[in-house]
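Got some structures for you, see below.
In what comes next, chain A is part of two complexes: it sits with chain B in the first one and with chain C in the second one.
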Partner chain A sequence: MSKNKTQTKIGAPTFWEQYRRKPLGMVGLAIVSLYVFVAIFAPYLTPYTPKEILLADRIAAPAWFRSILPKFADAPSSVRISLGSQEWTVSEAVGGGLAPAESDDSPLSVIQFEPFVRDEVVSEEEIDVLEVEEYPKEPEQGVVTLSYTLPYNYSAPKTFGLTFNYWIEAPSDSKTELEFVIETPEGKRYSLWGKSASGQLANQPARIDSRDLSLKQRLGMTIFDDPAPRIFSSRGDYSLLLIARTIPGEEPTRVYISDPEFYIPGTVHGLLGADHMGADLWTQLVYGTRISLSIGLSAAAISVAVGTAVGIISGYLGGVVDEFIMRIVDVLMAIPDLPILIILGALLGKSVWNIVLLISAFAWMGTARLVRSQTLSLRERVFVEAAKASGASDAYVMIIHILPNVLPLVFAGMVLRIPSAILTEAALSFLGLGDPRVATWGRMLHNARGFGAFTTLAWWWLVPPGLAITFLSLAFVFIGNTVNEILNPRYRERS
Partner chain B sequence: MFTPEAKAELRRQFGLDDPPLVQYVKYIGSLAKFDLGLSFSTRRPVINELKERLPNTMVLFLSSFVLTTMIGISVGVYTASKRGTFADSFVTGAGLFAYAVPSFWIQLLLLMLFGYYIPILPIHGTMSAPPPDGFFLQLLDRIHHLILPAGSNVVIAFGSWALYTRNTMLEALGQDYIVTARAKGLHEKTVLRHHALRSVLPPIVTLIFSALPGMVAGAVITETIFSWHGVGKYLLDAVMQQDYPAAQGAFYLIALAVVTCNLAADVVYGIVDPRIRVGEGGAK
Partner chain C sequence: MGAVTALEPERSAELGEVILKVEDLVKYFPVRRGLVEIVRREPERAVKAVDGVSFDIKKGELFGVVGESGCGKTTMGRTILRLLEPTAGKVTFEGIDVTALSAEEMKMLRQRMQIIFQDPYESMNPRLDVFRIISEPLKIQGIVKNSHDALRYVEKVLEDVEMTPPEEYIYRYPHELSGGQRQRIAAARALVLDPEFIVADEPVSMLDVSIRGEILNLMLSLSRERGVTFLYITHDLATARHICDRIAVMYLGKIVEKGPTDSLIKHPLHPYTQALIGAVFVPDPKKKGFGRVLKGEVPSPVDPPSGCRLHPRCPIAQDICKEVEPELVPAEDNHLVACHFAIG
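Showing the complex of A and B:
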């Protein structure tokens, strides 16, 4: 709206015609457009959301480091396999097998064992003997091994894990044993997990984590050993084996394995790596654009609107009102803004809206002074006198006659206010006073400092958010200066 | 959680039984006496904790301030004489950069570079624990700890001073009296230092003093990043722990410093530019 007004006022060359001849202004506009594009299309620019964690190992490096840094030359990226019934192959089946899946991509695998059929005539005595398992016709142990071949051609990972749920339907006289084994390409077998049960077993989770102390003990390692690098020390085809053994009872035994997921967190990940929670840094950067842009724009708009209103009222009405408002402005300007924002931010609670309000509350004074001084000269002009003489009210004169004339000044001032709002928001988030629910650039830097970017020398975590802030701020400075040059040549030195 | 007696005792201890107005008058009265109450977390008088930290903050602040302005003005004067060279465009870039770049980010990068990648500087604190023996070694140790925080402040801020000095110097160098001085055959250095710089120093000094409050406020971030045992870090820690008396006390001290700086700016403005004192409008 303001643009149209200024266009008609300037006359011959329109605002845009002048603007597009300024290279710096155009560069600024291009950068801001790029950021706006990223902010709008954030969900399409990344496959993840900022809330997704455990996408990779903690503080994973960017994936493209592989091709430029020898240290990361064959670092693993995340391996995550959902082992549904289709993924398994049955490598050994005695007395049972894998039941046909309900659907092609069923996450549930059912291992079924045939029941043990006794002789038809069994005396009481014989049964007693059978129960202590000394009966000559002992039921034969059934074994079903599900295997999955995992090609692994990277250097050793730091950790790995497997999770699944399982339950067993079996008669009470049966005994079932489950075991999870990884077989290395050299044929070495590591039994990582085991469970034996008599009869039924209700649904329960199995969590295998290479960092678990119990796992290390099971493998005969000390607490200082690390199973993951040992097991995945060579390259080639690893076999993940899920072995079920059963001594069948009179009813069929069924072992249900649901949603098994094998996971090797990558030490390299995505465009920019991952943070301490394994969340994608590129995603955080992309979504951070939204917050920074909206906080910068809205804080600048609010503070400039308030400043303009206060400035016009103060300058136009003059007298006691002016004196009073200007003293308030003096006091507010004397308050150190960052410390007061820290205190109020902590008191009011951490939310994006609070930050916008706080930044605006301590940023309108400069605009108010500028607009007031402009209004002081405007109100003495003839057209204002004419309006007053024809009976216009104060409010009418202020809105219809004064406001349009200060708008060019205010518009440039607003653009130049955006970078400082963005920087202030980043500083508050960095200090831990930002909204904890949203990903912002300041928060990325806060996390980087607090959660080990320094000790791991993860400069790729530290550099991108700062660059993003710098380029966005620079772009708005370019635009603001260009607008000022065109609209307010006399005020160029200000702001 | 508390017995009624304990509650009453706590209320009495913190003076919460009085009506709000009385409380407020008491509060203002004790502020004037620098009686800032007891810290919730340490149960020590806040003023004592601040007294411990104030010297550290002053050392960091003054060293950053002096170094920044000296380096900034020297670089500005130098580049003004080398217009159009690489040094000149470097300063222009640095000035713009100083406006757009988040200062805490530069500090983080410097901390990572000199504290971790090339670990030659201490990464936190004001001195080693335990401190080395002997006064001289302790002094060196403190300076060693000061390099990164103060140096990073210089890196962040010198650009804008240099740019401002350069611009005002260029304006001054176009004046007639400079042409006269050159025509007299004076050495270019003399012209720069004794003719041009002298005339642009007043506005620069004024600007320096008016920027002081911002630098005081920036202490919070600098001290937090480098774990500097000062007032700014104390403020943030207090806020994070909801230790209100401590936060109030630290904020009071910072606000006092800012007001003092503002006052100093007005006074200095009068000293360096006599026209202000006399109250007559000069030609320039």
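Showing the complex of A and C:
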């Protein structure tokens, strides 16, 4: 009869009233709410997406290190400048210039050179008049230099780069040369890239990276030298110079420079720094909340649904069915989870849903046993017999009478199963069996281990995902234990 | 029991034809054997809960089955309704062989045969309200299509069991009701299908004495006014005496005495019946003690005594009782007894 009394407390308001008084349960709920908030509003909490890479230098430290650690005091954060036609200033223009841009923020700059005009073959009488003029002149070289002033007040970066596309429209008798030069505040010029062409040139990309061997050779450095620290060794205004030279032909020459982007990856970045690919770690952490929560919730829901169904069927039908199911449960329980998950994960392929299904497939047995034992007692209750006396079928009794009475037990079990699902996923991801396209906490830890966070002591890469997993799991355990205490008071001693 | 006594009907009510006929009903529960026992080929054993019971009930009759706890009376009631499958024997309800029906046919028949359970605290799902509890049989039997139709039935049956006004109770949960109210709801659930036959399995044993009378009166009026036939199972001879037309006394899975209430109470023939009657409290300060009390405990139904099952405890047992099982034979008109030395 005391059983009845405890079961009647389940009405929604009374449950909440009881829950409210449990401090640990409320702490758990607050933490989980925070995670849910982060998961829902992830796009608003970070300006990047987890797929964006090269946002900063590899293993960049958090930006706020600058204000607390002298080592990082003037470390550069990422400099990324799009050099549209408005950004350039023309510092030298002989025989041509920058064509007016189509719009204010056009990424396309067009350098236009005047055609070389040979004196026209004029009429006979005019030749007479102009007899004494010099004739014919060689075409003069036209030079246009586009420059951009880059103030740089940080310690030396590790790398830098420039990318753009270019193409040339020119008559076949013209010769065009393009060059990219960086001029230091001291006036020293480094020519980093050059290209010469006769006549037309189709659209092609230019990729300048300070780590390129060809670039080092061009600068007369060995492969062990690092151009970036050498070039950006001092502070002040650097000039980025794009120089176009041409020997014009009879038609105008146009050099098109499209989408140029100059990039110095920062050695400090964002809230939590960057990983080995220059992806933002805070973004990964925030989006990882989504994945971890959804994996945890769905794996727990699936495993508990399966466990409940199996447990009710097994316990209610009894006999051979029960024996058979329970022996399967015994076998599955005896198999160690992680090794078999590793094998199956490798066989089935790395996708988030595979992982959810795998985790669920090896997590339902506990629920099944719990529900079965409860069903064994419930099916002997008189209200079940009363339903049968009215002609109720087995399915009816299981759904209407058994299921609602095992739900409180199952609900607490489900909450407690969420952290284990999250941890299993993290373990699988850490072992490299996670979905490589999806940022999860386990994957962050996997990358941290695999790409040098331990050797470089990049604790800002290791600690946040670890703490995130710990606190979320802890919060669910708090909630689960509190729910258990309220709904299933017979288990109180255990928690 | 004043209220009941006041309503006591004339027992000579004319009763119709037989509605329920039970012939040699047997229900054994096999005892699970351990591995060692199976290997040693020890014989399978069984709890002989009901061991060859026969009787018939007439239409509109209130038939009482009285016995100690564990004598098999509850098992018998459930086996008759096929809530338990009988091991052997035959139950005929209005000419239909209940034991031979398929599941689908049995479901149809359940509209006509219902049961009221002993424990009103256990017999209702605590998660359902009164409306859903009472309308459940209607829905299972497909009598109503939706809750709106069911409401009419539920309100009427609540009035029948004197839970008025129905609106006050209809959306309550079992834990919001008293024991007596719950047992009325349990009765309402059995009555909502308008059955002809109801097994009332100790419907008042869990209730306070003060509210037993209400439930018993309810059964009486249902029996007298609507012609519902009852099989009233109880361990309390006093209540059986007050409402039953006929009483059967069970001991260890067998009926030892059966007869009209008056005759059985006033002239008990079987020593066991005599002991039961002797044990009933009588509110008479001059009367001391319990009359003739049986010695010892009820033997295990797994291994009942040979011959007459009462012989180890019987005050008048002779050698024959250990060997020969007495038949249930008529001693007087309609009054049958199973004893070699039945004494008047």
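Keep this in mind: the second predicted complex is superposed on the first by the 460 of 495 C-alpha atoms of A that agree within 3 Å, B and C clash if a C-alpha of one lies under 4 Å from a C-alpha of the other, contacts with A are read in each partner's own complex, and residues count from 1 in each chain.
Just so it is clear, a contact is a pair of C-beta atoms (placed from the backbone, for glycine too) under 8 Å apart; a residue touches a chain by one contact, two chains touch by 3 or more.
As the structure is a prediction and not an experimental result, all values here were calculated from the model.
Applying the stated contact rule after C-alpha superposition, one finds that A:H401 touches chain C and leaves chain B untouched. Contacts of A:I335 after superposition on the shared chain: chain B is touched, whereas chain C is not. In the superposition on chain A, A:R207 makes contact with neither chain B nor chain C. Legend: residue contacts after superposition of the two complexes on their common chain; A:A346 is shown touching chain B, with no touch to chain C.
Comparing chain B with chain C, more residues of chain A are touched by B. No residue of chain A lies at the contact with chain B in one complex and also at the contact with chain C in the other. The residues of chain A lying in touch with chain B in their complex are 334-340, 342-343, 346, 419, 423, 426-427, 430-432, 445, 448-449, 453-455, 457, 459, 462-463, 465-466, 469-470, 473-474, 477. Of all residues in chain C, only 78, 81, 83, 106-108, 110-111, 114-115, 117-119, 121-127, 136-137, 140-141, 173-175, 186, 189, 193 touch chain A in the complex they form. Residues 96-97, 99-102, 104-106, 108-109, 111-112, 115-117, 123, 213-214, 216-218, 220-221, 224-225, 232, 235-236, 239-240, 242, 247, 250-251, 254-255, 258-259, 262 of chain B are the ones touching chain A in the complex.
Looking at the complex, you find that chain A touches chain C at residues 1, 4-5, 7-8, 10, 381-383, 385-392, 396, 400-401, 404-405.
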